[in-house]
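The chains carry the letters A, B, C and D, assigned in the order they are written, with residues numbered from 1 in each.
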Amino acid sequence: MKETFVKELKKIELKSPILIEGLPGLGLVGKIAIRHLVKQSNAEKFAYIYSPHFPYFVLVSKKGNVRLLRGTFYAWKKTGKNDVILFTGDSQAQTVEGQYEISEQILNFAQKLEAKMIITIGGYRMESKGKPKVIAAATSQGLLDKALQAGAEVSPTGSPIVGTAGLILGLSHFRKVDALCLLGETRGYLPDPKSAKSVLEVLQLMLGFDAKPAGLDEEITKADKMVIRLQKIEEKRALEAEETRKEEGKKVTYIS
Amino acid sequence: MKETFVKELKKIELKSPILIEGLPGLGLVGKIAIRHLVKQSNAEKFAYIYSPHFPYFVLVSKKGNVRLLRGTFYAWKKTGKNDVILFTGDSQAQTVEGQYEISEQILNFAQKLEAKMIITIGGYRMESKGKPKVIAAATSQGLLDKALQAGAEVSPTGSPIVGTAGLILGLSHFRKVDALCLLGETRGYLPDPKSAKSVLEVLQLMLGFDAKPAGLDEEITKADKMVIRLQKIEEKRALEAEETRKEEGKKVTYIS
Amino acid sequence: MKETFVKELKKIELKSPILIEGLPGLGLVGKIAIRHLVKQSNAEKFAYIYSPHFPYFVLVSKKGNVRLLRGTFYAWKKTGKNDVILFTGDSQAQTVEGQYEISEQILNFAQKLEAKMIITIGGYRMESKGKPKVIAAATSQGLLDKALQAGAEVSPTGSPIVGTAGLILGLSHFRKVDALCLLGETRGYLPDPKSAKSVLEVLQLMLGFDAKPAGLDEEITKADKMVIRLQKIEEKRALEAEETRKEEGKKVTYIS
Amino acid sequence: MKETFVKELKKIELKSPILIEGLPGLGLVGKIAIRHLVKQSNAEKFAYIYSPHFPYFVLVSKKGNVRLLRGTFYAWKKTGKNDVILFTGDSQAQTVEGQYEISEQILNFAQKLEAKMIITIGGYRMESKGKPKVIAAATSQGLLDKALQAGAEVSPTGSPIVGTAGLILGLSHFRKVDALCLLGETRGYLPDPKSAKSVLEVLQLMLGFDAKPAGLDEEITKADKMVIRLQKIEEKRALEAEETRKEEGKKVTYIS
């Protein structure tokens, strides 16, 4: 394997599909959102993407089997005008050139499937309180407007979008495919299903999805508990460090 | 995108053009100088350079649109013998090979446009007082002499010129195009419009530009204020650190 | 040398061979196991693999001769149904792409030799007491079952297998060759012949080897002594550090 | 420039030449030795090697001219059986693959010139007292023996030789060219003309050179003075640090 390539598991007919991408990144927002859509829609796995720019390890999957890191495409056949292709994976590319190569290959495959639109999902670092906002950027004003009407806010000028979620938009410029990026606000250092939920709500309004956020709410409760637990651990650690410092102060005293 | 490439936005006729390059680097001297020339001359954007060796993120531009990192070529049609091509961009290449590749592609494009001369602009790290000097190096004695007559000083032997500004000169050796590098003295860690102004003054004398440094003087005033503000912040921080150290000394005392 | 390549030292006829791979990694488990099998079986060296992705130095071999880093294939002609190819080497690849390239080339060569099965050996980081367990993962349930019957345990789901031992399994998926990975538990920071012995015992039961672990037991005794020696050094160092701290405390006192 | 290449400045006829290589490395031993031979022999520059794997900067050369980093080949026409090609340069390659690529290109060029033997020079890290020894490794026993007879010692088994000096030997194995590596003992962190002199003495005995070490002795005197100066600076620094620690001890006391 010298280059990134897509391996199709089965031929599939899709009507005017929309590709929605979400690889791991800040707060795992994109990956959580796609995984949720896959579960809710019972979308069918139909292709993998492999690359020598993914990290050089394999994962043990169920029953002791083993697989390379990869990205997976799922087909979601819907009533209505557009079918949906969902894409997520194990990892971003590990090299600068790999990042460009993988984004190109996703675009190549999307065009082969005659995708009419591409939406990428990611996280946006922000210490937000309350409900995380969704930040949008797009390759066309029309598409951006739809996202804003669905509750997203426009991204500040000059703001960078790192990794595949950004590069796909940048590269789609040469392809004449419309592309939109939705970034959920997140602190970024823990999986953030609440941020993913905000993004999904925008998506649902935009595309008329009927996916319920049932499982997601469970994940959010778990994540909230995790944050509280980590805060307690941190507080305890800070207290102990303080104690240690006091003790050390005393030791010096006893010696003198 | 597997390789660096130039995308022309429109065909353009230029008479014996001179290419002036200034990518971001020390003190942003090159970028500030080119940006200023573009503004003053109303030069017209006519080509982009894209590369998988630029950092793997995109920038949100005006109105929530998105674009890849890139370099931009501007055409400045002048009265007189030579038109001018101005080149600047978002970033230097991120890999060793990318640095060589991008410099080669700029040279390829310059030769396609039948450029007669290339001037690269950058910063030269120096804690200078008063007006920043301009250091020059060139591929021919004749070109260097012109720069010296216009107020530049010759670069010390053995001195390195890092990045695209340097490599273009090194590589132009194989092309039989004359090239000159002008480096403005700068501390380098903050945008330095004063240094860019020094470089522009040399350029104006050399090439008979009529660009006024109006907007640049405003930037210089702002930058000077910024330096003073940063110095005050630093002084305050040093004072507080001193206080903290004293307080900590006292604490130890109370315990004993 | 722009790419990884295999250099055959002599043509060799092998009947339905099994390739067993063990490059340096955690606890050197794979390398120790292969080296031991080579010694016990008097297997014959018949090919090298070279790569520009190995580290850029050479090793001085016996009598002041010099050689590039490489991997070595050994042929072990056995009574019974299958001959065995043993593979080990000096180093893993140093780049992401190199890791994929070298694993591909090993697979290419295995298929050229009509290998029926591939077994990779490595270490699994674990602070285990008593006899190190052997963790298994495989590309087919049948092969995995054989390893479990021979005493291995199934690898936990989601566990990563890093480097060539893992990638060979991942890539063999595209080749329709069955592959198994055996990982010996090890702390990983010292050569661990005890872990290699556990792996070899599983291999012997699976493949009906008659290799005696004679020399290996000697190595284990040496390694155990080394661990005890390092522990003493560490204890002494900790004690001295404690002393130093006390002395420094006193110094402060004398001054006051 | 996408690949390393050799640029010939003039065609040159050499009789059964020996190539002697010395790029910058530990103690600059190789570069100092070659530079000295070039000076003493008035050897003539006849080819450059350029590479996108050299660092991405250019050097200002005499009179404000600029050049890419490169390696240089010099022709030394001698009475006797063999002419000599001397090779040195500005830098080693910056990437793993680049190290292999540059070593290959040097070998390609050596073979084009019908070189009969290649000698590489480098440093060997060792805190030696008195005269630095010269360590040798070779691709043939005959060549190694000649070096030993000329005063070199055989390299310990398993010892690595890093960079171009080592890779050329490793790669020459595929070319059927005899190659020898001579490493001068050096502490390595300062230019070490004394070590280079030891290597040159072995070379002179081996090849019957008549190069006088005149200029080299001057460099050695300078280097010795530099070492003494640095030691004094270091002692002063240590003393001041000690003083500071005492003062800080006192401060704590006064406060209490």
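Operating definition for what follows: contacts are C-beta pairs under 8 Å (C-beta built on N, C-alpha and C of every residue); 3 or more make two chains touch, one makes a residue touch a chain.
In this text the structure is predicted, and so the values were computed from the model without any measurement.
Participant: If we look at subunit B and subunit D, which chains touch each of them?
Facilitator: Touches both subunit B and subunit D: nothing.
Participant: Which chains does subunit A share as contact partners with subunit B?
Facilitator: none
Participant: If you list every residue number at the subunit C and subunit D contact, are more than half found on both copies (same) or fewer than half (different)?
Facilitator: different
Participant: Enter the angle, 0 to 180° in steps of 5, of the rotation superposing CA atoms of subunit A on those of subunit C.
Facilitator: Going from subunit A to subunit C via C-alpha fit gives 90 degrees.
Participant: Taking mean CA positions as centres, which chain lies farthest from subunit C?
Facilitator: Checked the centroid distances; the maximum from subunit C is B.
Participant: So, what's the distance in Å between the C-alpha centres of subunit D and subunit C?
Facilitator: Using C-alpha averages as centres, the distance is 36 Å.
Participant: When the C-alpha atoms of subunit B and subunit C are each averaged to a single point, how far apart are the two points in Å?
Facilitator: Whole-Å distance between the two chain centres: 51.
Participant: Specify, in ascending order, the residues of subunit D that touch 2 or more different other chains.
Facilitator: Counting only residues that touch two or more other chains, subunit D contributes 252, 256.
Participant: Quick one: do these chains touch in a line, a ring, a star, all-to-all (complete), or other?
Facilitator: Looks like a ring, each chain touching just two neighbours.
Participant: What are the touching chain pairs in this one?
Facilitator: A-B, A-C, B-D, C-D
Participant: Can you list the residues on subunit A that touch subunit B in the complex?
Facilitator: Within the complex, subunit A touches subunit B at residues 93, 96-97, 99-101, 104, 136-139, 141, 144, 154-163, 166-167, 169-171, 173-174, 179, 181, 246, 249-250, 252-253, 256.
Participant: For a test of understanding, state which residues of subunit C touch subunit D in their complex under the given definition.
Facilitator: Result: residues 1-2, 7, 52-69, 94-95, 98, 251-252, 255-256 of subunit C touch subunit D.
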